[in-house]
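Structure below; questions to follow.
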């Protein structure tokens, strides 16, 4: 599957699975599959775009009101930066076709994306795939997702501009390189690593970048006091719930679009499977988190339920096609359990992850990647672990280096007084809810 | 229309209308209609999924702030439960094909849904319809909608777990059985009952389950005092309005997808009619409610306008295809009037429906079902009434029994003090807006 | 492109570009392009519908809490009125086919829209285009957008009913007439004016109607005091950000759907280009506004960043297809700069535009229209300016007349005390956030 | 307090912290004994009732403040005792956290609209 | 009050409930006569103005509380009368609900930053 | 104040305006010296600290009010000085805007739950 992602840039057309199937069915006109797959990317793309709003609402709801304007600003800005960096550098670095600088490891550098001419004629199109424009649009959204994950973990204490500089590097270079190893046809795909829609490439990668940041940045003032964790409840759980529903919706595009083809009976039916499995995993994750918090704490914890749904989604993302609905259920359920247990664990390790992005994206992402061989042939647990480790190590190390450089050069953390008064007044001079009394 | 819903499970292929039309037009390739109809289900499905978020926001906005976290929790949980129960029991109980236990009345019990194999070949596909995966995904969302309706009516006083147990039974058994009578090819469809997208099967059914609950549960403390109704204004009308817009959007998938085919000129043009009519009915319902509240109360009531838009949507749902745009307008308008008059009526009857779900879904649902013969041939008012009565009686009686059992066994209502202090602190220990001062 | 919009009403079929291209590619079946283009309108239509929610949230977030219920009410009501007026008068006034009353200037009056028969057969369909139902649904949403723009500018002081009367005239008559000049095949399209998706026809037109209203209505009490501008910060920036993300998402349908065809490789690839360019322009607009406010005011201004993203979108709307990604970037970036500089400029002119709709829609709309010739052949700066001036003058003058008539007949502004106490309690007797203490 | 001309009788300020759900009841009881006005404020109350613990995302924490409603009522000295008693009996639930009542002297009360003084101002 | 050393002159606490939209005007008027600080709180006011009815979803209900703003101002006893008068004249609209002003004795005032006492603390 | 039977000792009302982020610290300090209760309210503070400017959509404006937290604490007269001192030393940051403390007499304190009076009520 992933390999075909390189086709629009490569020239080969022959062995494209989708077309083959199509011809077997002895039906497809030449262009209909191309149109339908392009449409899949456009629909999938706007659904994944919507996830940017989901992250913004989720994070705005989980920070304290004195930091809401800043969190919103970061989310709008990071998406915008991702959109530009991925065009400027990322896309061709991630899908170098045959243009690898270091074969299988580093693709084409600094080749801004250009799209097909207006009114492309069928003869010039990659009829076995889709338009470059739709592919770029769809892939770009994945790149932005990686950055959204980071902003949640580091909320309420990081300075705006150093954060945005990191985002530019993450979306322009770090993500495209590690993703090229698999989806660009790099060494991991050669190795037989399997990550259908990006439990590792997108979610764990974002999680590792966030984890590196959390280490360098340190916890919020007052978060850990004489060995105890002081909760800092989110200011607006309605917003956090809305954000989760938005992400859930967007995920149908995220996983479904990753089928990368919709022009045949087999492909569209696979996309259907993916939609159904994705929904099942989210539901199972949410429900398990609900039950687990009831059992453990005697009271259900909505924020854990929301994290549980997202963890279910992340868990199924590495292999949303092959599992049965029951498979999706238990894989998602384990994801839900993971957050319930790892959220407090991180706190005990004094890693302050404001929205729970590391349990949801990194740890559940690992689980999802590891679980692939249960249902997908020609995959091995070992290869899955190696792939995860390779990407994790790369992203974590490079991110750490950049965070450290940013820290020593310009500083990444606001002053103590600014942090206590809130980033909104201190850095932006603007409250999100100026009229509502704060407690 | 509805009958074709059983086809993917049945084996017959011959007389499928869509295909016939297609062949007349002497154009359709074998697989394109299948792909397009599957796509219709996927798009329709994610739009109806989005309605779950709409209900969550609408209800969170219309309850008092001390119950918002609970309302959000219920909405996420009920959707998750519906997703699992419909897979485990519901889908095959609703679409038994030839596997009826009691012919036309009770379908196949306990046959969890399984989807087609990965990479289905055209020869194995129900080419005249769509993929099972997409059909399951689409139908599941209708099932969840039924449950969402209940949570609104019973808000602010019902315990979490008994409510969720009821939801499991409603989505696993009650809804699938009554819906099978019509969409599964059961006795109502034999009888000539007509309910295109579910004014009765989904909305009134949810309304009846809610009504039964409201009777057993009783009104909120202080709602009715020495013969007067004490308003308990919703805490966040922006959220309620957002929820209404979300539902409005999702309804295009709800009604449009119920065309169940998009592979021919006739089908896609019908889907367009449905979109246009659905929008018109919602607009008329909202506008009439605006004017009616201005006239009756001298001041427009936004919450009634929102209910009016939803009532317009419910009203057109039983027959969104056949009416002209003008037909959609007046059918929706009557729906809008219905809420304005029945919301206070329910209060006079001391039936405490927190969000107005009974007027919107049950009463407007009755109106919509009744109105079908105005524009749809081969339908009769009598049959429409019989069908509505059959489903209403079944859902109301069974729901009542279950509510009573839950009440005597585990109790369904929180303590007086918990209700006064709010379910959020009492049952969840978590406020939705912890920093905003409450009044 | 726009011309083909008249085809479903006209009878000619021959020289339809899309079909031609299709046949060149010697592939398209007769009906598939029709189905796909209809699908484009349905998807585009629901995405643009979603923009109505976006405007509602953006405006509700940018007004003070005492006016939120009113702003929400206006947004729901204006969309409903637009839906009815566009059906009753607008659509056929805008697309008269050969039924012009004054050739090229005023189309068919008072011909309510009627859709194709149910189950249309291929032989009766405009196979080179799409279903009337889908076209009407899509076009209707553009009409509603024009009205949404007005409500933001005039917020917090205008009376409900006069505003809604204006909306009825704007959506039923003013917009359809000016839009017919270009998209209906009127004199501007003859002249060679180019406005792909409506930077002028929709956005600037809405902006001119708003500007006329702002002049007649005057600024809010206390907004301008002894030569200084007194800020009145929005009550909920999370809502404003959500609204912006919604608009951003909807814009893919707004611009992408305006390709008006998806049945060929060329068309679907063009739609992809449009999606990618639209996203790029929004990102550039947001980022430039972020940087500009940082530089000018030392602190980034989220409300300007949101306006910047929207200005980027408006700027690319006149020509989202032809520019390269880099072209979209700089065109959008200039749009972002425009808001940062023109928002305070309007204040200096004592034009009180509550949400910045005039800078975003009128001024950036002018820029977008002007920029078309940079990338689109056979267009001239002069013609662009003439077209913009013609539409601007028409909308501004007619709107002014109507505003004045409304002012003298029924009055358009609430009393001073009502304005100070807020429209919510004064005109609606209902607060949006009754429990949250206001400051 | 010689420095104030005593037009009208002396008045007292009564400050009470009560449980929020008792507000309506207390207001009605006070109206029925002739209290014509008051100011109501939500406050965060700290007292013996405080200190129960909740769990948020797996971390236990003590809830130090419980929501209370503060009433400020100015009444003629003559009525003060009755007002205190009415509040006490009405707000009472016999559960910890019922609240407190404090009585303070007021030098002077003025009605903004009319300039009336002391208990004429109420 | 023997128990307090009277560094600085005696001060008074002035509590006023006014209509919210008058806040800015009153603050300016007070600043212009030399008041250097105050505390402002939103309160729900109950009084003769209260009791108009609204309709919500078809049900009539009485609005018992109207939003008011409470000012708490400590000033030297010498200024008290002028402050009361300024508030009264500025906050006045001659419409019911204009509000009340109350004056109380203060034993002692302290500035946290410096420990200064009484009117030096203001 | 003859009109009140002095069961229990005289009590005082201490009103303090402090910086919000000092609340927790002050509450702990007060608890440690034996204060068993208080009422906390967010207020908008006006004072010498006020008046810095912000920019919103390109327009400069002066921020006249800064968020403060108001504490109302009733303690036995005997403890009053210690409480004042504790608040002052704990809330102090030596930056402008630290706040004020005011001490008032209380005629009577009542515990709603029990009817206990004065310092028995606390």
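Residue numbering begins at 1 within each chain, and the chains themselves are lettered A, B, C, D, E and F in the order written.
The criterion applied here is as follows: contacts are C-beta pairs under 8 Å (C-beta built on N, C-alpha and C of every residue); 3 or more make two chains touch, one makes a residue touch a chain.
In this text the structure is predicted, and so the values were computed from the model without any measurement.
Among the remaining chains, those touching chain E and also chain F are C, D.
In this entry, A-F is the pair from A-F, C-F or A-D that repeats the interface of B-D, since more than half of their contact pairs coincide by residue number.
Here B-D and C-F were compared by C-beta pairs in contact; the pair with more is C-F. Mean C-alpha position of chain B lies 32 Å from that of chain C. Inter-chain centre distance (chain C to chain E, centres taken as mean C-alpha positions): 48 Å. For chain B, residues that reach two or more other chains under the stated contact definition are 29, 32, 39, 43, 233, 236, 242, 299, 301, 303, 429-430, 433, 436-439.
Residue positions 41-42, 44, 54-56, 104-105 of chain D each touch two or more of the other chains. Judged by the touch criterion defined above, the protein chains form a pattern that is neither an open path, a ring nor a star, and not fully connected either. Pairs of chains that satisfy the touch definition comprise A-B, A-C, A-D, A-F, B-C, B-D, B-E, C-E, C-F, D-E, D-F, E-F. Within the complex, the chain A residues that touch chain B are 21, 24-25, 27-29, 32, 36, 39, 43, 47, 64-65, 233-238, 241-242, 244-246, 248-249, 252, 256, 262-266, 268-273, 275-276, 279-280, 282-284, 286-287, 290, 299-303, 305-306, 309, 321-322, 324-326, 329, 433, 436-439.
On the chain C side of its complex with chain F, the touching residues are 228-231, 233, 296-297, 299, 301, 303-304, 340, 343-344, 347, 356, 439. Only residues 12, 15-18, 41-48, 64-65, 68, 70, 77, 84, 87-88, 91-105 of chain F touch chain E when the two sit together in their complex.
Taken together, the chain C residues at the contact with chain E in this complex read 420-421, 429-430, 437-439. Across the complex, chain F is touched by residues 1, 3-4, 11, 13, 27, 36-41, 72, 74, 104-113, 115, 121-122 of chain E.
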